[in-house]
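Across the two complexes that follow, subunit A remains constant while its partner is subunit B and subsequently subunit C.
Take a look at the complex of A and B:
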C-alpha cells in the first residue's frame, strides 16, 4: 500500500518537473514530429515505390518507439541530477521504501512516453496513419509501447547510477539507441539491408516492436512480434531491475 | 540505553584504498547540541552519512535514538531528519510543493501536509516566497527550506551537515537563529561545521576530527584552553628586532606572512605586556591586535599536541 502511494507521489513530482520545463516538453513532443515529416518527405515516395506499401503505416510506429527509447536519455539525466543534487539522499534517509524512488521514476517516464506516443500518432493521423483494427488493438498498440519503453527506462536508471558525469549518462544511452534505430526495419525494410546484417535487424527489439505496432494499427502479423517484444522486456527486467535495486542500496 | 541520543563507538569507514574514518567515537546526549568540527575531508560528512544510514559502516557501532544503525536502519530513519550540505530540495517545485511532498511521503494526509507546510513556511520566514519555484530562492532561503523539509515531521534527532557553508553573513545569522530555536525545543542535534565560530556559538560540546580521527573534544571553553587562548598579532619595523625582542619575553612567537609577528597563548594581559616590551625596546608598532585562534591554528595546535603524545608513548 505505502509503496504504491509513495511511488505515485514521486511520479507526480517528476511529472510536475517535466510539465514545468517548457523546453523539455517542446523537445519531447516536437522531435518525433520533425523526424516524422522529414522521413516522410525524404524517403516517403522511395519506400512506397520500393515496397508497394504505405510508408506512414510503418514510419509512425517506428518513430513512436524511437522517441520512447530516446526518452531514456532524459530519464537517465533526470535521475542522475536527482542523485547528485542530494534529493535522493534525502529520500533514502527518510523511512520510505527503497523501491518507491525507482518506481516513481519509471512510472512518471512511462506516462511521459505515452503522452509523446499519443501526440505523435495523433499528428500522424493527419498524414494518413490509421488504427484500423479496432479499439482493443489500439490499446494493445500503446501497451507494446509501454513494454518497449520499459526496457530502456530501467537501462537508463542503471546507467544513471553507474555513471560519473552527465556526459557519460547521455553518451551511454544515446549512441546505442541511435544505432538501434539505424539497424532496425523501422525506417528501411529488412530486405534492403546487406544479407549478413539481416539477422541483426530482425532480432532488434525496435524492429520487432515496430512489426507488432504495425500489426496492431494498420494490420499484419501481431502474435509473433509481440511475443518477441515481451521476451525482450522480460530479459531486460531480469537483468536491469535487480541490478538497479542493488545499485540503489 | 539512552532513548534519544547518539552514540558512536570506534566508527570506521573505508572507500577503496582510502580510509575516510579511522576510528571515531563520541556521544551526543539527548537534547544536546554537538558540533563536529573539522577541515574539508576530515570525515564529517562521512560520519553523518553513516549515522543516517546512507552509508554502511565498515567497523565499530553506532546507535541513534536507541536504534542500532547497522541492525535497525529503518528505526534510525524513522527517528532522524537530515539536512545535507547541498540543499536537497526540488528546485523546479515551489517551496510549498516541496514541503507538501515531503509531508505526504512521511505519511501525513493531504490536509495535514498542507497545514504543516504553511506552518513551516511562516516559521522559516519563507511565507512570501512560498509559491515561487525554489530556483528563484537565495542561498539562505534554500537552506532554510532544506532545514524546514527536515522538520516536516518532528524527529528526536537532527543531523545538520555544514548548514551555513556558502552562505553570506545574513544567511548565516538567520540559520543560526533557526538552529538556536531548535535547541530551545530540546532536539538532539549533531551539526558539522568548518567554522570554529559556528561551533562555538551553537554547540554545547565540540568534537574535533581530522583525517578520520577524533583529535579533541570538550566544551568550547575547554577546547580554547587546550588551543591556548588567543593570538596577539604585531606589525612593527624593524621586523627582525621585533621578533627577537618578543621571543626573549614570550614563549610561543612566530613570524607569519605579511610582516606580522604572532604571539600565541595570549590573553588581554599579553597585549599590555607586548606594548610595554616594545616601548622599552624603542620599537613603534604599526598595529597590535588580539584575535581568536583561526581554525588553522587550532588544528596546528591540536595535531601538534597529538604528535607529541605519540612520541612520548613511543619513547
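Take a look at the complex of A and C:
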C-alpha cells in the first residue's frame, strides 16, 4: 500500500471514531455557534458603535479560526489516547509506513476543522455573514482556514508525544490558544488595544488569518494578511513537522 | 482516626475534613496551579486588554467592573468541578465504597462542600490580587469586602449544590461537565458580567437585568464599589436562598439514590 492510501485509511478510522461520539460531534459543532451568538449579543452593539462596521463580518471568521485552534486540544488528547492505548504500537508492528499514522491524524482533523468551518459560516449566514467575493474567494477562505489549522495541529501532535498526562496535554495547548484569542484583533479592532500591545496583536497569527478571511468574505485587504498567514504556516512546518517525526520515531 | 457512623458533629466534621483533603488532592498541584491561578490571571488581563478601551467610551471603569465577573465565572467553574468529581466517584464506585466504610454519610457531603469552599477562596484571592494589580479597589471598607467574599463563596456553594445533583445522577464526568459548560456560558455572558445591561439589544435587556447571575453581580459590585448595598445584597440573598432550597433538595435526593 502506498503512504497516501494508508493515510486515507487511518484518517477514515479517526473520522469514524469522531462521528460515532455524539458528545464530540455536538461539542465541536455547537460550541462555536453558541459562542458566535453570545459574542454577537454581548459585544455586537459596542463594537458596531466603536468601529462603524458590521461585527458579524469579523466575528464569524474569528470564531471559525478560534474553533480550529481550540480543536487542536482535541487533536492532542486524541493522539495522546492513541499513544497510551497501544493502538499506535499496534500500527508500528504492521507493515505500513510510520508516517501514515501521523498523516492520518492530521488529515482527519483538517477534515473536521473544515466541517466545523462550513457549519459555522452557514449558520452565520442567518445573522448577516456573507461571501461577497465570488466562489474563488470563498474557496480561498477555506484554504486559509486549513493553513491556520495546520499550524496548531502539528503543535498538538508534538505536545501529545512529549506530555506525560492528559491534563498536561490540554493545559499545554489551551493556555497558548487562550492567550492568542485575547491578544488578537478577531473580537475587537486592533485600535481598541493599548498602544504597546498593538504590535503583538498585529503579529498574532489569529489576527492575520482573521484579516485574510475578512478580505476573502466581506471584502478588504487580502494579499498581505494571507502572505503573513502562509509565512506562519511555513515557520510552523519547518519547526513542528521534523520535531513531530523525530519524536514519533 | 475518627470512625463511626453516628451523625454527631465530631464524626461529621472530622471525617468530612478528611474527605475534603482527599477531594482536594484529586487535582494534581500542576493542574490546580493552571486552572486556579494561571487561567484566572490570564482572563483578568485578557478581558482588560480586549475591552477596557471599548468600555471607556461608555464611561465604564473596566478595571473596577471586571474582577467581580471573573470571580463569578470561577465560582461556576468550582461548581462544575464538583459535578465532575461526583460523577467520577460514582462511576469508579468510590461513593459505594464510602457507604461500606464506618463513617457518617453526611461526611461525604461536608467533604464536598469544604473542598469547594477552599477552591472558591483560592480563586477569589487570585482574582482579587490580579484585579488590584490592574486597578481594582475595595472601596467600601473591610466589612463590605468580607461580605463580597462570603457572597461569592455562597454563590459557588449554591450552584455547586445544583451541579452536584446532576453529577450524582450521572456516571459520565466528561458529559456532565460539557453539558454544564453549555448551560453556564450563556447564563454568564447574557448577564451584566462583561458589559453593562444597557449595552445589550433592547429586547433582551429586561432578562439581562433580572436574571440571578446579574443580581448577584450587582450585589458584589455594590459591596466592592460602595454606595447603597442593602437592596442589591438582599435581592441576591433572596435569589440564592430560593435556588439553594431547590438545588439542595435535588442534591439530597440524588445523593440518597447514588450512595
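Assorted remarks:
To be clear about the criterion, the second predicted complex is superposed on the first by the 248 of 249 C-alpha atoms of A that agree within 3 Å, B and C clash if a C-alpha of one lies under 4 Å from a C-alpha of the other, contacts with A are read in each partner's own complex, and residues count from 1 in each chain.
The rule is short, and it goes like this: a residue touches a chain if its C-beta (ideal position, glycine included) is under 8 Å from a C-beta of that chain, and two chains touch if they have at least 3 such contacts.
Here the structure is a predicted model, which means the values were calculated and not measured.
By the touch criterion stated above, A:47 is placed in contact with subunit C alone, subunit B being left untouched. Contact with subunit B, but none with subunit C, is seen for A:92 once the two complexes are overlaid on the shared chain. In the superposition on chain A, A:178 makes contact with subunit C only, not with subunit B. Applying the stated contact rule after C-alpha superposition, one finds that A:198 touches neither subunit B nor subunit C.
In the superposed model, C is the one of subunit B and subunit C that contacts more residues of subunit A.
In the overlay built on the shared chain, the residue A:17 is in contact with subunit B alone; subunit C does not reach it. By the touch criterion defined above, A:133 lies against neither subunit B nor subunit C after alignment on the C-alpha atoms of chain A. In the overlay built on the shared chain, the residue A:30 is in contact with subunit C alone; subunit B does not reach it. The residues of subunit A lying in touch with subunit C in their complex are 23, 27, 30-31, 34-35, 38-39, 41-47, 49-50, 165, 167-168, 171, 175, 178-179, 181-183, 187-188, 192-194, 197.
Contact residues on subunit B toward subunit A in their complex (touch as defined above): 49, 52-54, 74, 77-78, 80, 82, 84-93, 97, 101-102, 104-107, 133, 149. The touching residues of subunit A, counted against subunit B in their complex, run 2, 5-6, 9-10, 13, 16-17, 20-21, 85-87, 89-96. Here subunit C touches subunit A in the complex through residues 28, 30-31, 34, 38-39, 42, 45-47, 49-55, 57-58, 174-175, 178, 182, 185-186, 189-190, 194-195, 199-201, 204, going by the rule given at the top.
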